[in-house]
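Multiple structures follow.
In what follows, chain A forms one complex with chain B and a second complex with chain C.
What follows is the complex of A and B.
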């Protein structure tokens, strides 16, 4: 499944990093603690978070995250968008909160 | 091979740049992805520690065929109780830093877990030196 498939299935907004929409999604990780993501998120995961600052992209890049989903209608900061485009890691958005979107992503990934 | 990077305390925008450079170098050297992951986790945590806690720092990276050795040297407040600092969940990070999702007290434990050798020396009011090594051969 690609990031684009997830965007379409879960009706997500695409803020940036469109060059990375064909990246393969192999799992998910939900956390707002950067060290937790650094230590535990698997490569290829979609990262679900409420953090919008540029360090999200540093962690996403270092961990080979496939895309980031911002919850509750939160929007990425300007320099986060720049990094997302540079690194070709899409930043996506939903109005749902983390529990709900995590559940939907889980079902989507595990139904295939 | 020897590389040096400068880190500015408080500069969260650039936090992770040294880690990103080293990741690229290790990739070019065909180091296995699992080992690159370990190095990157440890280096990023060390880099963020300097940004979050110190005034400035330097990172020295030495890579040979068997291992990568990293020294992170900072000018800063130092760590009064290293044993306490190593405890998962313990942090002295400011509320602002915590709001960003840092300062969960996972940095040093993450470094320990992902390295083959780790050493911290610190002088209160002067600074901290963190050294670690990761074997590049599995």
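What follows is the complex of A and C.
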């Protein structure tokens, strides 16, 4: 499954990093502590968070995250968008909160 | 002049601080510990600044105004200022931007402002530990805009720190110094964080109980006991400096 497939299935907004929409998605990770994500997120995961800071992209790059989903309608900061485009890691958005979108992503990945 | 400073002290306004932490007791303890420069930095609150400053002045201690602001990312940052005008601007910014959650004193603790006679003059009804709706970069920008000093607190700790919330110190963050706890060495911290080589580190007690005041401190060589010289010491300007923090 690609990031693009997830965008379409979960009706997500695409803020940036469109060059990375064909990345393969192999799992998910939900956390708002970047120190935790650095230590524990699996490569290929879609990362679900409310953090919008530019450090999100540094951590996503470090962990080979396939895409980031911002919850509750939150929008990325300007320099976060720049890094997303540079690193070709899409930033996606939903108005749902983390529990709901995590459940939907889990079902989507595990139904395939 | 060599000055011992503890710039991270909580008073009874902070829900998590001990009820003994009145301005009177804090100043008395600061004098016993030989501190010459202090700051009462309650969670998202500057209201004990003026009383503490006037009490401290009688002991020859200078008290800066400020607060430990909790940013949107839930990062604790020391925001220090000097004048009453700056303090009011900071207080207003906090009140305009804090997420309003009613305090439950029996759960979180009491948030009371007291006078010199240690009588309660005000109880804050919203939770001061809540986060502002402003990012760390926005708070830093605001504090610098009013001429204040911005210092991310206990950067090495696993809770409410820039490293716990954002993974590492963002290279673009505009700070005047970093506060490191007594549990870590500066050299170790530098190894895991890509920070500017000229970054100034300081240590404070983060006191919540009276015996902690001045237990951890930083020494400064100040041209005179003022906010201006303190700021110059942090920034490596003028004739003031921070004594080595390892």
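Please note the rule applied: the second predicted complex is superposed on the first by the 112 of 112 C-alpha atoms of A that agree within 3 Å, B and C clash if a C-alpha of one lies under 4 Å from a C-alpha of the other, contacts with A are read in each partner's own complex, and residues count from 1 in each chain.
In this section, a residue touches a chain if its C-beta (ideal position, glycine included) is under 8 Å from a C-beta of that chain, and two chains touch if they have at least 3 such contacts.
Quick caveat, the model's predicted, so the values are computed rather than measured.
When both complexes are superposed on chain A, chain B and chain C occupy overlapping space and clash. By the touch criterion defined above, A:100 lies against neither chain B nor chain C after alignment on the C-alpha atoms of chain A. In the superposed three-chain model, the partner touching more residues of chain A is B, compared with the other of chain B and chain C. With both structures placed on the common chain, the touch criterion links A:24 to neither chain B nor chain C.
Applying the stated contact rule after C-alpha superposition, one finds that A:77 touches chain C and leaves chain B untouched. In the superposed pair of complexes, A:55 makes contact with chain B and with chain C alike. When the two complexes are overlaid on their common chain A, residue A:8 makes contact with neither chain B nor chain C. Once chain A of one complex is fitted onto chain A of the other, the partner contacts of A:43 are limited to chain B, with no touch recorded for chain C.
Only one of the stretches 19-27, 109-117 or 127-135 belonging to chain B overlaps chain C in the superposed arrangement, and that stretch is 127-135. The residues of chain A shared by its contacts with chain B and with chain C are 32-35, 38, 51, 53-55, 58-59, 79. Within the complex formed with chain B, the chain A residues making contact are 32-36, 38-39, 43, 49, 51, 53-55, 58-59, 61-63, 79. By the touch rule above, chain B contacts chain A in their complex via residues 12-13, 15-17, 19-20, 23, 33, 37, 40-41, 44-45, 48, 100-102, 104, 106-107, 110, 113-114. Those residues of chain C that touch chain A in the complex are listed here as 73, 135-137, 158, 163-168, 170, 172.
Across the interface of their complex, chain C is touched by residues 32-35, 37-38, 51-55, 58-59, 77, 79 of chain A.
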